[in-house]
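Dumping the structure here so I can ask a few things about it.
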Amino acid sequence: LGYMREYHESAHPEVADRRPAFFALLFIFMGAMFGLIFSNNLVWLFLFWEITTVCSFLLIGYTRTQEARQNALKALVMNLAGGFAFALAIVWFHYKSGSIELQTLIHTSDKAVVLLPAALLCFAGITKSAQLPFSSWLLGAMVAPTPVSALLHSSTMVKAGVYLVLRLAPVVTGTTVGLLVGIVGGITFVIASLAAITSSDAKRVLAWSTIGNLGLIVLCGGIGTAAAVWAGILLIVFHAVAKCLLFLCVGAVEHKLHSRDIEDMSGLVMNMPRLGVMMLIGMAGMFLAPFGMLISKWAVLKAVVDASPLLSVFVVFGSSATLFFWVKWMGKLLQVTSPPQRVHKELVLGETIALYGLALATFLTCLFFPLISSRFIVPFVVGVYGHGASLGDGNLLIMTIMMGFILLFPLAFLNYGRGVKVVDAYLGGANLQGGLRFTGSANQVQDVALQNYYLHSVLDEGWLSRWGVLCCAVLLATMILQACL
Amino acid sequence: MSSFSKSPWIIHYDASSCNGCDIETLACLTPLFDVERLGVVNTGNPKHADIFLVTGAVNEQSNPVIRNIYEQMPEPKVVVAVGACASTGGIFKDCYNVSGGVDSVIPVDVYVPGCAARPEAIIDGVVQALAALEKKQKARS
Amino acid sequence: MNQEQTLEIIPLETLLDRVRGMRAKGYRLVQIGATRLPEQVEMTYSFDLKNSLANLRFHVPAAEARIPSISSIYACSFLYENELHDLFNIQVEGMSVDFKGNFYKTAVKYPFGSTKAPAAQPATAASTPLPAGTAPVAGTPT
Amino acid sequence: MAYFEMCRLALKWALTKPPTSRYPFQPRKVIPGSRGQLVFTKDNCVYCTVCAKKCPTGALLVNRAEKKWAIDRLRCISCGYCVDLCPKDSLALSTSHGNAATSRTQEFH
Amino acid sequence: MSIWLRIIVYLVAGPIVGGLLAGWDRRISARMQSRLGPPVFQPFYDVLKLWQKENIVVRRSQNYYILFFLLLVIFTGALFFAGLDLLLVIFALTLAAIFFVLGAFKASSPYSFIGAQRELIQMMAYEPMILLTAIGMYMTTKSFNIQDIASHPTLLVLVLPGIFLGFLYTLEIKFRKSPFDLSCSHHAHQELVQGITTEFSGRTLAMIEIAHWYETVFLLGWVYLFFASVPALGVAVSLMAFLLIILVDNVFARLKWQTALRSAWAVAAVFGFGNILVLSLLRTTPSTSQPAVNVAPLAINAVAPATSAVEPVQKN
Amino acid sequence: MARTVIPFGPQHPVLPEPIHLDLVVEDERVLEARPSIGFIHRGLEKLVEKKDYIEFTYIAERICGICSFIHGQTYCQAIEAIMNIAVPPRALYLRTVWGELSRIHSHLLWLGLMADAVGFESLFMHSWRVREQVLDIIEATTGGRVIFGSCKIGGVRRDIDAAGISDMLRKLETIEQEIRRITKVFINDSSIKSRLCGVGVLSREEAYDLGCVGPTLRGSGVAQDMRQLGYAAFADLQVEPITRTEGDSYSRCAVRCDELLQSIDLIRKAMSKIPAGEIEIKVTGNPSGEVTMRTEQPRGEVVYCVKANGTRNLQRFRVRTPTFANLPAVLKVLQGCELADVPVLVLTIDPCISCTER
């Protein structure tokens, strides 16, 4: 399980500010996470699991506002429901097989015995990773301070859920339970990606995107083939790095602009160049071709198509929706509608280290992706399945070439602004000199304002999540029933 | 270079004409005259255009618009004043709100006579404009 | 031809009531027009019902003219009223959409409302007999 | 089927010779009676200046003393008012549409 | 090296063929509109002219995005004609399109902004179908490798009729032709002036044109892939598809983005997914007619130390 | 949330004439559209003080290049009404024919522009191709393509001889066939329907209250047509207003499609009834008096208020053009429409800005 180490290292540097109590909580949290990952005993696992639940409850409620408390409670209730399922699974498994070892569970060949506990554990994993019927707690958790959000999202809490699901993948693979888990993940991915389009709150977009990506991981877990699990783990790693970077960026921006509305981030690359570029790297890391997330999505797609092509439809639709909201956000950062106002002292030292580190990690994980894969992930997959998976070597070479393209892009700026004449934007001939202003109705000077599309006329967040919750709840109920019978 | 005379892209603006020259300008694009066979494309965007077709005399409000559009066109560019009004102010030159032909605002390279200017006359104007375009390009390089 | 029309001179004070009455009878607002007379502006409100035209007319002094807006009765009147303001310098009070003098951008402010009234016998180039010899060419061609 | 009407129209025309004129390369199709450029015949002109006085755009300039008749082609709107008024029939409208010019000049006769 | 040869042929012939196709497109469209139309070489004249025009920009960095758009489109096509991984080609294409969109965002002008948003909507609309096409091809040929797909003995269109139709539909969006010329169109766009290209002029606009040529060739190459086992038919059908697109361009009004998005997703769900559904149903029932292809796909290589056996399919 | 604010016009490829709108947009829904006009305001109403009343005919014709003839005709009618001139019947019939020809060319022009506004370039081209055939008739009979210049106070300036009439009727045959083919597309094509149906709905009451005129009003089900006043030869030719009840852009389009055929029909009727005789009578003296003259332009009712005081120059000349009356309707339907509908809605009233702003 060496890969987990690597993944934690990337999550570490951000915890460099705020107060002792907070820090202590975080520390406990981190500890619990380590425990969670390294324990094999189901009871221990359960203990750590519940510690994270409680920690997250405390962390979300940290600001002690009404809203924070409510959301914290919501998180607690939902996670406890999952914990309950967890407990039930342990009891049942112990009753049936007399063992409380995770390894035993995984390697027990008698499907009848392990299926119900596996299903229950999956259920627990799904609650923890905020899959659709339970997604609201994670969205609510956005009231917490940004490092908490970052922690919850990118590195630990929610990953614990998918980690569990992935661990169980060999058990559920090929069963109806696995299929249903996969479908829940798939639906979550699509719905969350669509929902992310409709939101202009940066953290909410990130939250939805996290839910979506976790959905993708759960989908992998549900499919449970070697390639799928390999892809799922890749997703965890890359997602952790890029998401962490993004959360910290949003946090830093919020700190400076006192807003986390994406619309307010217009022209960020001009106003806060370093932060803007970091954010762009983070976003590129989330969905652009040569970066890690895309490699993993690619792997996911291949794995899914190999295992059950029908499920690929979720990946296909979901990822196209993902594309939309990321690109429009990136565009917003690049767009300059008003004269740039440089914000001084963009970042404090700690933040700088964290952000640069993570940005570097985004590149490095991508560049050294084959290494990571073969050194850490493949051994794990091989350990479980007896064989591993990879993308073709030739493809990796091409990926590297594309990465080269991306790295070359800043070089283009060496020629910045030479040989061109700057004129005003086209405004139907009504433009005024300098800036994006035009003579409007009644000879009034109007400023151009540009707002991203949220597709409200075809997508509605409430409607989406209602139906998503309904579908997934039905599917989960079917899953448990199926496992019982 | 000959490429300029083979691919003149136009933009059309109505400074304050009676519409007659406008629809004749549009008629140039339509099947009977089809200036696209000469490579003309109506871009509707100053940043892509080579030839600025202005119809109508200039009035108080269209004055800055013409100037803006002209400034947003990349070099080399030529201006064609289409019709009597655009060339001289025409029948409206005595109106209180008309300041005269287009050349009172921006330099005009070709004048097209007529009220309303016939499509053939406009085509003639564009052909003359191409020569001016070539000349300007030579001067640039 | 059947261009039936009636013309009624009304005092300015009754304008709103009369217009309301017109509206109640189902008339459509056809136009609001003004004519600049030497000292006054002659206002004409035309209404139509089933192709017969009814005009209401009143006079306001050319300087400092003020009339109430009928845009609360006929919503479409705001265009006419803004035009009256920009061309005739008539203050229209209570317009639903007020362009505040920016409806038309004219080179001459209030072209029809200059204090100098148009001469009864305007002398223009076209109609004035010119001394034999040369005919005028307004604005010599360059 | 009405729905495919446009397909029919497009395909039919794709296979038909287009009605496009080849104008600058071939002469324009002239419709008799079309109002084009004003043509001045010097022979019977008495330089009465009626045309110049009545021209709505002031495109004509007549000097009786010097027996000069001039026209600014760019101003002329081919309305034919002068043709109607000319007492000596020395003015007529031709069908040609006149040439585009690169500068504003007057034409003297 | 035949791969390198193919790439070089593509790099050289791509713009020529693409430009000629664009020229024919304009000419045929003109004829359908009862016009004579421009000369076939018109696109080349246009690009040549644009190349010499003055370079004007709104934001100084906007042109670099377009440069990379062009490079990446060429790169995509090269990958495609080199016969590499189909998914990778799609990703590269997406990356290219994203650079285009970001360039328009950067220009920060209202019309290019709306064009960019609409282009994004279009990308979102066609992406599923394009991915499903790749998946459908993979399911039939057991490989994402274009080389393998092309040399596969089955006539893909027979197995993937739905996907083929869906792909043609997407092509309509990809070529930015009516009814889906939402973000920009060749002529003045009635809503957005020049849409996404509004602020790009001169050399940069020429680059966009060239990129479109490359894209055309690459996309028609993809159509060919459906008929790759009968090359002559493939070429013929690609050209027919191009003609069809021109015809559709001329007999449709522009649809709204809502309609475009909904219909494209519906097509992807019905034709694309439907086709895959049928395929997977057929596959689960044992059929002898399916040729057993045992070419080791590049896609999933076994790297396990114990065995190099391929496990591409489900275990059940 | 910040909203998108963008300028639409004055220079915009869909607008042959400049008009400006500040559009406040969210996603693509227009929340607010603030107009700005005056880009074509020349102030020609005041030109009566400089040009005499006969010369002014040429200016009246150039108020607008599309409805040019009917402007000239209305002006002449107004002066004739003031001066009590009895125009020879043949002249009245010729005016009717030219008026209807200009309606056909204007409606075809509009159909083309509308097709263009919904992104249907090829239909635009076909509409304008047919329009050129109409222009051929017009040029052959009047000598002008868009500015006819054939109307004068007291009659018309040109006659159409028998050969000309039969030639015209023959050409109208083919034009009618072509028009039927094109209008079929406008009426039936589903992609056009998807862009026009339900866009810019004006109920009967709204349209009437907003003072709409012409096809805009008739598209909402109000049977109002100034040709029923019986000016020119319309007293002898029965004109039944064509109406539709839906009140959306599609119904306005359909009304115009039907009016094309109606106009062809009217020309045929007029040509069959045309009396022989003089085409003009001599006009002497100066007008004195006041009249309000209304006629039906392709876009609807135009109102001329002419006041003369016995001099060669009119005292007041005022035009209220149909577009001016229809503008409030556009502003109303623009609220809450889609950005893609803006060109459609701006064009749905067949705006003629140069008429409107004079």
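Side notes on the structure shown:
Think of it as A, B, C, D, E and F in the order they're written, each chain with its own count starting at 1.
One rule holds in what follows: a contact is a pair of C-beta atoms (placed from the backbone, for glycine too) under 8 Å apart; a residue touches a chain by one contact, two chains touch by 3 or more.
Everything numeric in this text was worked out from a predicted model, so none of it was measured.
On a Cα centroid basis, the chain most remote from chain D in this structure is A.
Chain centres defined as mean CA positions place E nearest to the mean of all protein CA atoms. Of the two chain pairs examined here, B-E and B-F, the one linked by more C-beta pairs in contact is B-F. Centroids built from CA atoms put chain C at 67 Å from chain A. With centres taken as mean Cα positions, chain D sits 37 Å from chain C. Inter-chain spacing, taken between the CA centroids of chain E and chain F, is 45 Å.
Shown for chain D are the residues that touch two or more other chains, namely 6, 10, 13, 18-20, 22, 54, 56, 58, 72, 74-75, 77-79, 104.
Those residues of chain F in touch with two or more other chains are numbered 4, 6-7, 10-14, 18, 28, 36, 38, 41, 43, 46, 50-51, 55, 58-59, 62, 122-123, 125-126, 129, 132, 144, 147, 189, 357.
For chain A, the set of residues that touch two or more other chains comprises 421, 423-424, 426-430, 439, 441-443, 448, 450, 453, 455, 457.
Those residues of chain E that touch chain A in the shared complex are 54-61, 63-64, 67-68, 71-72, 75, 79, 84-85, 87-88, 91-92, 94-95, 98, 101-102, 104-113, 116-117, 120-121, 123-125, 127-128, 131-132, 135, 138-139, 144, 193, 198-199, 258, 261-262, 265, 268-269, 273, 276-277, 279-280, 298-307, 309, 311-316.
Of all residues in chain E, only 26, 30, 33-39, 42, 45-46, 48-49, 52-56, 186-189, 193-194, 197-202, 205 touch chain B in the complex they form. On the chain A side of its complex with chain C, the touching residues are 441-444. Note for the complex: chain B touches chain A at residues 13, 45-47, 64-66, 68-69, 71-72, 74.
Contact residues of chain A toward chain E in the complex are 173-174, 225-227, 288-290, 294, 298, 301-303, 305-310, 312-313, 315-317, 319-321, 323-324, 327-328, 330-332, 334-337, 374, 378, 382, 386-395, 398-399, 401-402, 405, 409, 412-413, 416-417, 419-428, 436, 448, 450, 452-453, 455, 457-458.
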